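The two complexes that follow have chain A in common; it is paired with chain B in the first and with chain C in the second.
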Partner chain A sequence: MELVPISIAAISALLSVVATYLAVRSRDMMSAVVFSAIQSTAYALIYYVLMAPDIVLVYVPVSVGILPAVTILLIKKTERYEK
Partner chain B sequence: MSDPVSLLFTVLILSLVVNIGISLYGVFTRPSLVKKFISLTIFSDTLNSFAIALGFRRVVEGYPSIAVLASIPEDVSELAVVANTAVDPVPQALVLTAIVIGLAVYMFLAGLIVMYYRHYRTTHVRPAGGGSIE
Partner chain C sequence: MNFREVVIAVSIALMVLLLAYVIEAGGLGPIAPQRLRELAASYLLNTYNPWNIIQSAQSLEAVTAIVWDYRGIDTFFETSVLFISIVGVSLLFRGYREKAGISNRGLSEIVKTSTKILSPLILISGLSIAIHGHLTPGGGFQGGSFIAVLLVLLSVVFSLDFVVERGLSTSRLLVLRSLGLLGVLATSVALLVVGLLTGVNAYIFQNMVREGASLSMPPWFLDRPTGGTLLFFNVFEALAVAAGLSLAFIVLSLRREEVEEALEKGEWYE
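Entry: the complex of A and B
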């Protein structure tokens, strides 16, 4: 009964580990932003399974919408590739 | 540990611990300030996830519910049902506040990084200490 939601949470936690590793390792900042957004989506799924839908309603616009937009603006103003 | 739900919950918590390690590695060793910024957002999100996982609990039968009264209760026993099956709402309120305050802090950091780039013509951290990029 409670096995299915917890397995969804565990699988999205493993996905977020992969996305975090790729976001930290990639030299292109744009792909790092995209991997960071994937990690945020996995965290939103975890929050929904852990019975916090109000956090999901705030976290998805902030962390999948505004923060990548601000970071992309930051990359446009500075430099794209890490030396 | 033979319980599969406990095993999956352990996998979740261990993945969050690994995420903390990877994002701190990014903050400490990557030279670009933008990469440090992205790693810092991941780190703070992971700490918020720990707070949410702290408020979660397993009830005896079924799945826990949200700590919300859907209707005005007729008597006290309905309150007891919610109190016995709902998750803890206090960490959720704290995380809600932390996300909004964190957004303001990240805006400020983004402005500082733009100012750094205009001064040093790079986002590498070494020129701030007087060194040069090799």
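Entry: the complex of A and C
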């Protein structure tokens, strides 16, 4: 029984590492925003498994809703592709 | 309604049911840990303890009790930090005023229809998280950011004019934000003011009866526990956070025509 939450946390952590790497490497800022949202989703799952549902409830709307919205506004006003 | 729609609806309902079953059966792990540290044990013992009200917050949710009762002043200053950042945004964009009729007509009909289905769900879950903050995980900030996400979604999908036409212009959002913070302030000093008027000893951020202070917020509403001040704190915080975050988003999404007007007015301010 103890193995299931730990393995879920491990898989989410691996996913978040891959998503972070892709977000840093990506030349297209829009896909970087999407990758960072995926990383945040994996983190939210880790928080849930570690029994912090309060943090999950604040992490999901802020990091998947508000932060990408503000970042996309910023990208729209500057440049989309990194040189 | 044809066969295809019925199949889609039934499969969505089945998916929700099965996910709920998996979570309920403990598929994502045990609900509560077995071993506790001493500090956690004392908080868990005292958070809802009708036999020892002097140390209790009369709230069923330990995190909200710690956030708004035992460590209330910390949270008050956190709320103030968010308020100051909103004040900074509106000072930076002073002279900003949203213009009608320059935004496009929003996204496609498919996105609009799915948003119409989704938005009442987001609103209700945000309100429920905020109002039940002292009973279930969540609280004012969580519920408020859910509602702010809803307003951001509406202003993106249906265009900004849609949100402004329904009475949520930036000036009114600023008023709502200030009302929320004033409500938090009023709740935190409510018992102190009553104590001063009646000549009884009372504290700032007092919730239940404390040693040497016999005043108390109502711990029950009909047959439901309210957690005393916690319910009011959560509701006002949700109002403040929802208005503040959506205000910041609307102001940051300023368009070219609005920049020109804001620049003219900004020079006038100087």
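Everything below uses one rule, namely that the second predicted complex is superposed on the first by the 83 of 83 C-alpha atoms of A that agree within 3 Å, B and C clash if a C-alpha of one lies under 4 Å from a C-alpha of the other, contacts with A are read in each partner's own complex, and residues count from 1 in each chain.
Following the convention adopted for this analysis, a residue touches a chain if its C-beta (ideal position, glycine included) is under 8 Å from a C-beta of that chain, and two chains touch if they have at least 3 such contacts.
In this text, all values refer to a predicted model and were calculated from it rather than measured experimentally.
Once the shared chain is lined up, is A:L14 touching chain B (first), chain C (second), both, or neither of them?
first
Answer with first, second, both or neither: which of chain B and chain C does A:A69 touch in the superposed model?
second
Go through the superposed model and pick first if A:V58 touches only chain B, second if only chain C, both, or neither.
So A:V58 meets both chain B and chain C here.
Counting only touches as set out at the top, which of chain B and chain C does A:A32 meet: first, second, both, neither?
Touch status of A:A32: first partner only.
Identify which of chain B and chain C touches the larger number of residues of chain A.
Here the partner covering more residues of chain A is B.
Chain A residues touched by both chain B and chain C?
1-2, 5, 51, 53-54, 58, 62, 66, 70, 73
Could you list, by residue number, the parts of chain A that touch chain B in their complex?
Residues 1-3, 5-7, 9-10, 13-14, 16-17, 20-21, 23-24, 29, 32-33, 36, 39-40, 43, 46-47, 50-55, 58-59, 62-63, 66-67, 70-71, 73-75, 77-79, 82-83 of chain A touch chain B in their complex.
Under the touch definition given earlier, write down the residues of chain C that touch chain A in their complex.
Going by the criterion above, the answer is residues 26-33, 63-64, 129, 137-139, 141-142, 145-146, 148-149, 152-153, 156, 245, 248-249, 252-253.
Chain A touches which residues of chain B in the complex?
Residues 4-5, 8-9, 11-12, 15-16, 18-19, 22-23, 25-26, 30-32, 34-35, 37-39, 41-42, 45, 49, 52-53, 55-56, 58, 62-66, 86-87, 92, 95-96, 99-100, 103, 106-107, 110, 113-114, 117, 122-124, 133 of chain B touch chain A in their complex.
Once bound in the complex, which stretches of chain A touch chain C?
It is residues 1-2, 4-5, 8, 48-49, 51, 53-54, 56-58, 61-62, 65-66, 69-70, 73 of chain A that touch chain C.
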